[in-house]
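Right after this note come the structures.
In the two complexes below, subunit A is the common chain; its partner is subunit B in one and subunit C in the other.
On to the complex of A and B.
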């Protein structure tokens, strides 16, 4: 608030152009909204104002825009969308800053790599499925009290903590040219379970994504987590694994938490090579 | 024995800990959440999690002192058996979370590093940067995913809990929930149901809480007959960043790592903070509370900041109230290592680097100490009886409440870094209790009849359809009603409370409640309709809001976060030692009298006829630690303490024959 130049001229109104879609498979359309300018708005408060006025810029009554949000302080990962063409969280997208880049309007679109549920809300189940694929957990014996974990050097903690801040927001995969959108349609007569299973099978063959590779590296670097290192590398050397990465480096550029994703990918690549060589000689 | 199935509602720390522990105990779990569980509000917790530890032990600390600090900080309204149990579990919980892979900050030698938090003189708080809640939640999320992959847990994410299913005896047999995408309403049977749905910050409009924290799940249990206790105890966190959509938390850890709170001595001094010399800065917490300094308990820090701005007129700006929270004297590398996460939040949302310029902060609604009433069984040693079925069971049989939405642990004021602990503790500890409860039942999930399920479902479907039909001609805007509710609640039921304002607010909130039943929805479709979901949660905020207001109105005293200046205990005024002592005696007589009347939990029952809560009062178990006056900063505290000590000695002395 303090750093913005208060003397700078600000518009009376803000135009917001939103790419809407009523449901999966429906045709998207653009809708223009207008709200009164206030200082220090973020895109969330813009959407809240649009929801409470319930009309578009022509004064026509329209359904409020659907979008996903949670913590509003960029730690939960819910509110990711494309804002003026760039994928990011809408809570930390400050309107005054956005107007500096484009004073005419704000353009809001859903993420491009996930099926649209409605308007700006997308189905990101695939992100979480990828975490299961790489077994992103520590395989502890039990949840009973069995004493402390292993001592860890500060260096190790400082290497792991940044990776552990990944909030599964999806920015990295949305910007990744190798991560292709998968949108399946439920077939006539197909049960919910069968449809879910078909989706999961499709996800499991596609590119796992930078976030999941990074999580695999995080757990392979944990004293107990590394017990599953082989299984994780097996997943990363299979279809849709590390070799699908085209090294475009978009992921690291858009990560809101500045997680060193390409460093993780590099580490994973080396570990995968070692793993394959070892596997070859162990045959 | 048929397969047992427990429904856990809520995927924050409490719900995940519960789901994980139950699956280890061989129970199948259906986990319901409004959001992918990894995005639950626990991610917002920043500072850390408390336990006594090897280092503090060698300075005289132990579990008992953690217990004591917690109930003293909570002004003795905490139920002591559960708090004692929690304090003794605390070191083990941190060890478990360490094993689960939480990247706690480390000392040079590789031990878990600790920092100091409010309301204690020991460095008890373990932390993972300044995103400890996020890191703890992720560790549990990972274990739940592991259990899900093993087929032990089914997740229902983007599902809204609409209410419990109860049989003719009132026992909870499952839940009705709604798919927030397809809008399908469905019944789910279970052997037991656990609610861990967090706080109710949205009742205040803006708070430090996430958008999910409407309190509606607790309210739906409350309206179904569960009791709601200590609603009026709402923690206002001293340090938050004001914003138009949310008041973002600035963790207590900023002060734990040496952050100093100050204002310019000259009102609305226009100079940049760095240009104001030390002599012209008023470090009011340090001056007024030399022992605890910037780390007084939260209720006290909040009142002081409020007071300095509102009554002393020393806010930095005239129109927007704030004080400085200053970290600029701490080396940048240390700040980045220990507080990076929160400093980034400030920088991102305020556009100012807090490593270079002091932050501007102001108090904000943060945590509900109250919640669903729940039972427990006290053990012989003053803790909880492990595996007793009634531990954390609400008054609805088979319905359990854990985490922020229970009411036992934090009394009238929660200490920093105790909430993450109470959430994980209650989730883990209740596992064996729920298993024992299920083992005692002759019927379970498999015996829930279709008739029972469809009746419960039908009731919810009717409510939903009625709203979509715009209540047959309603014209109220739910978002505007929410704003009005938030404005009223923030004005009358936060830092300072006055009876005339509370009475007036009860009338106004009642009107708003009626109006909320008459909302008109801009979206009447049946596909991911957030409008109708919000409208329902808004309507369900009112019973909770009414508990807060009525509880506050009827409690004519000051206790922890509940502060009524009209009932404040005076400082001692006399200079003469004899007279001063006499004043101290009177002060303590008053203290005893007040405790007799008000050292009780407020327990609310929802009255459907009057659409308001009926309140009764329940004794608090203070069997382990005798309530003593909380005297932070009071003039004459020393003499009151002396007299109190004498009286306690007399009471404890063996009777002479």
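On to the complex of A and C.
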């Protein structure tokens, strides 16, 4: 628990400026809300207060602000949004801390790289699609008993553990200047399947993102996972692969789990270099 | 308009039913960007270091610089081929792909003010500055192409001012005034940043330095490299900008003396277009002039030469 200093002067109200959007593809707009100050709020509890009021700062009745959340302990990643201009989880964003940085107001915006569904809720399908692209899993189907797995060296374990903490929240891609927003619109007369196929095709040739590169490195370093190492590197050297990285290194700076994403990118770069040279001369 | 109106109903379905074909660029993106990265170091980066060092040697004297230029121009008729294959073609490729790369990103360094993010943004900005600078730098001094009609044309416009057989004097002459020196200062320093930072990112791209500590060490090395190269480039810049009209006249005398001997020794090819001939001197400096004549005119023509300099700079613009 964060120690609360009762002697410190606290404001009476908290102003919350929210970038709202009524539906996919619609025009976003700003709306100001005001709630009574309470100590030790996080942004989720602020959003709960705002939802229960459903009234903006002018006293006008408005539709409750929509947001997404799950675990409330920074392990699911679903409550990720931009808070005071920086992407992070709203559950672990403590209001007293935020007010220290900017005492005038809280500014809440949806993530900038994913299509907005409504208000602060976004569609992170592309994020998970990227994990499919790099086959971020261990290829074991449990069809029959394979016996005990290969022993992992302590070093390997220590290298892999931080990477396994990724919760696919999307902070890294949201802060990445090379990861550009892709938002497709369903065309008139287009079936759901056709739209889905078109979306996936668009996602598949766009930058995979630091999280997927890191997961590819995690599973390429896994005794069983490395069976797919070649396929992962093939994906990482294909359209939107490792080469799309511009080394701005924002990913590692904003990662809430402090995953060494740029180290993974460096390792992927080295692996890709070796893989391509091998592929060319071993053919 | 009629064609455009028909499109939606007829092709919308075919587009949605088929997976769109991946463009050539995207299919070969990995290879293209690795070639871009490699070319930035070899030959372009390497060439830049040699070029700047050669130019910095100008500070030690007209002879040193002229000797280096003679050496560079010793391939004679073959030089354009070497230039285009090893410098201009890689440069054009690096520039074209560089523009494409910069368009794949969207700068957010105002929102995320991290040092590495600013470096990312600066790498793109200096890349574009370097592109504009190098286009005009090559036009200003070299002229891009060697064809006679082309060179005559650009010289009439005040470009292609550098004459390799009068290296120091024509370079100093072309760097007169304030506009070109300022342009060169910004351009050269942009190139230096772009190379030093590009070296660092290339190391990550190729997988040379991986861990944050390793990248930190590499960053220090690249900063040191950039600082040294910046000093070299400032030396080169100053050596070209500092000489006044009198110095230029002195340089020309030295160069003409060296030219005569180098030509006789067969060290350089006889290419009059690489020479700066002052009209009033007549044929005295041209290759087929008699040695006796030029020796005579050199004795009493020194002062006259200096006067003429102000009126007839090779570019004719006086910039």
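FYI, the second predicted complex is superposed on the first by the 273 of 283 C-alpha atoms of A that agree within 3 Å, B and C clash if a C-alpha of one lies under 4 Å from a C-alpha of the other, contacts with A are read in each partner's own complex, and residues count from 1 in each chain.
Methods note: a residue touches a chain if its C-beta (ideal position, glycine included) is under 8 Å from a C-beta of that chain, and two chains touch if they have at least 3 such contacts.
The shown structure was predicted, so the numbers you read here are calculated from the model rather than taken from an experiment.
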{"item": "When subunit B and subunit C are modelled together on subunit A, clash or fit", "value": "fit"}
{"item": "Touched partner set for A:64, first subunit B, second subunit C, both or neither", "value": "first"}
{"item": "Subunit B versus subunit C as contact partner of A:145, first or second or both or neither", "value": "first"}
{"item": "Partner chain in contact with A:270 - subunit B first, subunit C second, else both or neither", "value": "second"}
{"item": "Partner, of subunit C and subunit B, that touches more residues belonging to subunit A", "value": "B"}
{"item": "Partner chain in contact with A:44 - subunit B first, subunit C second, else both or neither", "value": "first"}
{"item": "Inter-centroid angle subunit B-subunit A-subunit C after superposition on A [Cα, multiple of 10°]", "value": "160"}
{"item": "Which of subunit B and subunit C A:243 touches, first, second, both or neither", "value": "second"}
{"item": "Partner chain in contact with A:219 - subunit B first, subunit C second, else both or neither", "value": "first"}
{"item": "Partner chain in contact with A:189 - subunit B first, subunit C second, else both or neither", "value": "second"}
{"item": "Partner chain(s) touched by A:128 [first = subunit B, second = subunit C, both, neither]", "value": "first"}
{"item": "Minimum C-alpha spacing, chains overlaid - subunit B and subunit C, in Å", "value": "17"}
{"item": "For the subunit A and subunit B complex, residues of the former touching the latter", "value": "1-4, 22-23, 38, 40-42, 44-45, 48, 51-52, 54, 61-64, 66, 68-78, 91-92, 94, 117-118, 121, 124, 128, 131-132, 135-140, 142-143, 145-149, 151-154, 156-158, 160-161, 164-165, 167-168, 219, 222, 224-225"}
{"item": "Subunit C - residues contacting subunit A, complex", "value": "12-13, 16-17, 19-20, 22, 26-27, 29-31, 33-34, 101, 104-109, 111-112, 114, 116-117, 119-121, 201, 204-212, 214-215"}
{"item": "Touch list for subunit B against partner subunit A, complex", "value": "20-21, 24, 35-36, 38-41, 43-44, 92, 95-96, 98-101, 103-111, 128-129, 131, 134-135, 138-139, 142-143, 145-146, 148-149, 181, 210-212, 243-246, 248-249, 337, 341, 345, 348-352, 357, 360, 428, 477, 479-480, 483, 522-523, 525, 527-528, 530-531"}
{"item": "Contact set on subunit A toward subunit C in their complex", "value": "85-86, 175, 177-178, 180, 187, 189-190, 194-195, 197-198, 201-202, 205, 207, 237-250, 252-254, 260, 262-263, 265-274, 276"}
